[in-house]
Amino acid sequence: MKEGYIGILTSGGDASGMNATIRAITRSAICNGYKVKGIYRGYEGLINDEIRELTTEDVSNIIQRGGTILKTARSKDFETAEGREKAYEVMQKEKIHTLFIIGGDGSLTGARIFAQEYDVPCIGLPGTIDNDLWGTDLTIGYDTALNTIVECVDKIRDTATSHERIFFVEVMGRDAGFLAQNSAIASGAEAAIIPEDQTDTDQLEEFIKRGFRKTKNSSIVIVTESPTGKGANYYAERVKKEYPQYDVRVTILGHLQRGGSPSAGDRILASRLGCAAIQAMMEGQRNVMIGIRNDKVVYVPFAEAIKKNKPIDKSLITVLNELSI
Amino acid sequence: MKEGYIGILTSGGDASGMNATIRAITRSAICNGYKVKGIYRGYEGLINDEIRELTTEDVSNIIQRGGTILKTARSKDFETAEGREKAYEVMQKEKIHTLFIIGGDGSLTGARIFAQEYDVPCIGLPGTIDNDLWGTDLTIGYDTALNTIVECVDKIRDTATSHERIFFVEVMGRDAGFLAQNSAIASGAEAAIIPEDQTDTDQLEEFIKRGFRKTKNSSIVIVTESPTGKGANYYAERVKKEYPQYDVRVTILGHLQRGGSPSAGDRILASRLGCAAIQAMMEGQRNVMIGIRNDKVVYVPFAEAIKKNKPIDKSLITVLNELSI
Amino acid sequence: MKEGYIGILTSGGDASGMNATIRAITRSAICNGYKVKGIYRGYEGLINDEIRELTTEDVSNIIQRGGTILKTARSKDFETAEGREKAYEVMQKEKIHTLFIIGGDGSLTGARIFAQEYDVPCIGLPGTIDNDLWGTDLTIGYDTALNTIVECVDKIRDTATSHERIFFVEVMGRDAGFLAQNSAIASGAEAAIIPEDQTDTDQLEEFIKRGFRKTKNSSIVIVTESPTGKGANYYAERVKKEYPQYDVRVTILGHLQRGGSPSAGDRILASRLGCAAIQAMMEGQRNVMIGIRNDKVVYVPFAEAIKKNKPIDKSLITVLNELSI
Amino acid sequence: MKEGYIGILTSGGDASGMNATIRAITRSAICNGYKVKGIYRGYEGLINDEIRELTTEDVSNIIQRGGTILKTARSKDFETAEGREKAYEVMQKEKIHTLFIIGGDGSLTGARIFAQEYDVPCIGLPGTIDNDLWGTDLTIGYDTALNTIVECVDKIRDTATSHERIFFVEVMGRDAGFLAQNSAIASGAEAAIIPEDQTDTDQLEEFIKRGFRKTKNSSIVIVTESPTGKGANYYAERVKKEYPQYDVRVTILGHLQRGGSPSAGDRILASRLGCAAIQAMMEGQRNVMIGIRNDKVVYVPFAEAIKKNKPIDKSLITVLNELSI
């Protein structure tokens, strides 16, 4: 067994597949002669020393579970210099030589700052349902969330069709439209309203005009949640006001998008990236996110991964438009 | 083949298992020598003569589908004497001698009035997710909705546990707490707020006080939707105001509770009641709802079924309290 | 806190909902002032003293999990007088005053003999997917298994319909046809072959003759597993031999029927019976199985519960025949 | 509207997502000014002229359904020169100018021969759960089958863990190990036996030796079906004979792997490839399979696609070995 420990934490919004990632990092580490410590409640737990060793049995039978056995939190303290100093001291005390962070954009930003200030090798794993990290084709949790949304919209369509209604269904994604765009295609929705497309409003107009001329007897529009308030309710109100003859309903899927047993795709992705993260450490990599591109593992420097301008494939908009005729 | 047709319609809010019911009535009728017509869009379609014959093939491969192939609607016209007269004339013209109505409280009320005014044998089948019809232990759609809610709450608990939050989850039920009470037990929620219990508010107080002394690190409260505005948002706001230290979230499950492939239980119930409805007709029954009580088919006069005071089993409240310690 | 402990074990074939039962017994016991010990691996673990205390946290977050956290086994030793004596001594040593057994027919038979030999209060809970215990309308695990089978047959029907084939699907049930009969109705299968009906063979003949005259382009027959070898393969071979023109396939669902997250119905049943079991103990009941009849909790003496002649509702055969036309 | 029709058929083993593909081709064609005919029962239906026009409504509400609304079959007649001549004549008569074939290896082989003999533009779409077509990273139906297997193994693990058993689970794949290898990783199985690895037997030896030294109390081995009889039963018998102390069980998942509602991934893939197929036709492409490589649409000549030596990623074997410690 090698000296010291690797440390694993999950941070930010939880995503299904985080447990599969924890399992993969832990087992791959142990398999390669490292000892492992789990850090509870993200950076907050690192600062507060909520840490205990993880064995291969501790991660048994968790690959299929949603959430994260290590808990997660957003840490205000870690945004301060004092917090990060404390975190560094705890790492020394706990003999943690390398930190593995499973999380999204904010979590990797924290890791990047930490690694710049202290000589601490950090390795990130993309755990977010939003799929908005640059440099990786997929993030852990995205495929599960997509499937959950599609199953929900399938149910909503049963009732939409039975009643001949227009439904606006709001999904997560923050400032990224991957979930909305792809769930709209997969659920056979009539339109998607996504932040990447600045002409949202006109799209709605156009959808409404096209839609109302159509023989279709029900419509579903998927809307990305919006920090500025232009979510599903906003569009529903507009339609109700301008077209009072239509029966309009709203469903906001909310937090159920984060949980649930991970899909096969997310479990395989988590397993591959977890093993690759240990491999990266052994190769001396640091301050990189482990990603997947063209089905190959890649190392993405933190600075690039968090640029956040991962583009959506515009050809998918055409697919959606053609198929919702 | 006998003279004339039986007519089937679905009315009111859709419920999973309505298609299984349509299939059962249709096939049992044909099996016993009757011809069948499907009436589209509920009473509205009866008035507007949106009717066509159903064969045994027309109901093939629908037992597993949510929604209703006959569509459903709420009909303002059928609430008027003119509307009902029109409906009666259409029935004569279409040679429909007996009407089978699949729906809830409002739909059966409509049938009752119609049957009082015209000499039309009506037979009702309890199709509603709310389980609020008197005289039947179960309604078609209830078991599926319950399972859907429980699956959603399982997902929400993954994220609630990971983040140590209080979630208020709003479910359907109108003025009946069956869905909330039973989904709370089945999902391991900490409390249910139901309309049958006039001390809701105090229950919340008590839950909060008990809950905050507990070692539990997350809580889920199931709340019945409320026409008077005391739904999940109301309780969440109260907790946020009085206990600002807690991270409170709301999820309103909405229409996805109605759809989806019916559970085994709902399919069997629908099949049994559908066959029993044809049997009832052959026995000369009229103006009754076909229900199930103690696992036996029963005939419930419309007047009784719509009394709407079906009691909730209070012993279940004790079960929930004991198990959420 | 009261003196001593109650002991809980799961025995025989596992059933989904066993964990929900363990949780309910444990929490209801603690809520009423009792301490709880979990016995691992059924009677075998009782003999070998594989026992540890259970707290309310130990049963957190297990209501939704298949299998049993206490493991289960079939015990040869407990069938011997020496084994039972050893078991009794361990109970004394561990200060277990009442034994709660979750299991099926064989497990309750063991409990009955044990309780006759030693002055040990035993309370049984019906945990078996087969639904074959007399005196209770439902057993824990049955509803989940039924739903699992129906979901599988839904998938098989997709491919059966696409290919125009006859499928024989074998399900569990030992000498009881509840799963086969009810899953056949719920999945829209064409026939069920069940042990309760001595005329199986002729039924198949009749089905084949009827079936081949029909316009249906695919058929699914549900067959109960058979200790005497007349399972799905037997019937498939017969059809292949006598009607070589047909494309016949077999699927044996096997052990996946036992596992999976329990249905809402099974979780509620488990919760109610678990609480009722503690209530029964407090009332001084012993050597009874806690059952449900007409939606009310009942106490069934072991001797009655294991008579094993619980009848299947013959009216369901008519339902299946009418609906598979 | 353009002259003539495009024709669509599904052929070979059905795969979930075929309906989504039919929908996408149909709607994209109509959207681009083409008329569409559906050919029933694959090449057999082409020969027998079982053909009718498809409108955009005909493919409504099928994106979520397993199986294929066009049915599928394996055609002996199409393997003969006479059969193909007949097929060509029917195409002329039905004014079908381009043929779209959704299927696997055998179906594309048929298309290739047909296109060599007659001047008929053929465009293939990879529809098979086996993922064994060269030139495309994914085939339609593979992701759904993978998820179905993983859900089944999750259930089996519940009972495996409860009983401390070794399970051999047999999955489809013919001569390709994609399903076995990836489902083993995703379900946390202990080993996979795949045809690509000539050292199967030794792997089992090694697994058994490693496995039996381990502290693990249950094991699941995923085995690819084998035309030569070395499937799950073969391995189970070997273990039973050599290690009689172990409780060994077998589950053969069978045809339920083909059906079920397609996953989000398969629906998106089907939608993209369907639209791309019409695009390819408009660009004058012929006798190519539409595939996806590195998330981009590619055209793969039939001759390449059916070479059948698509390699499995050997790094995944390492992932499985590390994670099953």
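Order of writing sets the chain letters: A, B, C and D. Residues in each chain are counted from 1.
As a working rule, a residue touches a chain if its C-beta (ideal position, glycine included) is under 8 Å from a C-beta of that chain, and two chains touch if they have at least 3 such contacts.
The structure displayed is predicted, hence computed values, not measured ones.
Under the contact definition stated at the top, no chain borders both chain A and chain D. Computed from the mean C-alpha positions, the centre of chain B lies at a distance of 39 Å from the centre of chain D. Distance from the chain B centre to the chain C centre is 29 Å, each centre being the mean of its Cα atoms. Averaging C-alpha coordinates per chain places the centre of chain C 35 Å away from that of chain D.
Each of residues 154, 157, 161 in chain C touches at least two other chains.
Chain pairs that touch, as defined above: A-B, A-D, B-C, C-D.
By the touch criterion given at the top, residues 10, 14, 16, 18, 65-68, 71-73, 148, 152, 154-164, 167, 249-252, 254-260 of chain C touch chain D in their complex.
Here chain D touches chain A in the complex through residues 23-24, 27-28, 30-32, 56-57, 60-61, 63-64, 137, 143, 146-147, 149-150, 154, 157, 161, 182-183, 185-188, 215-216, 261, 263-265, 267-268, 271-272, 274-275, 294-295, 313, 315-316, 318-319, 322-323, 325, going by the rule given at the top.
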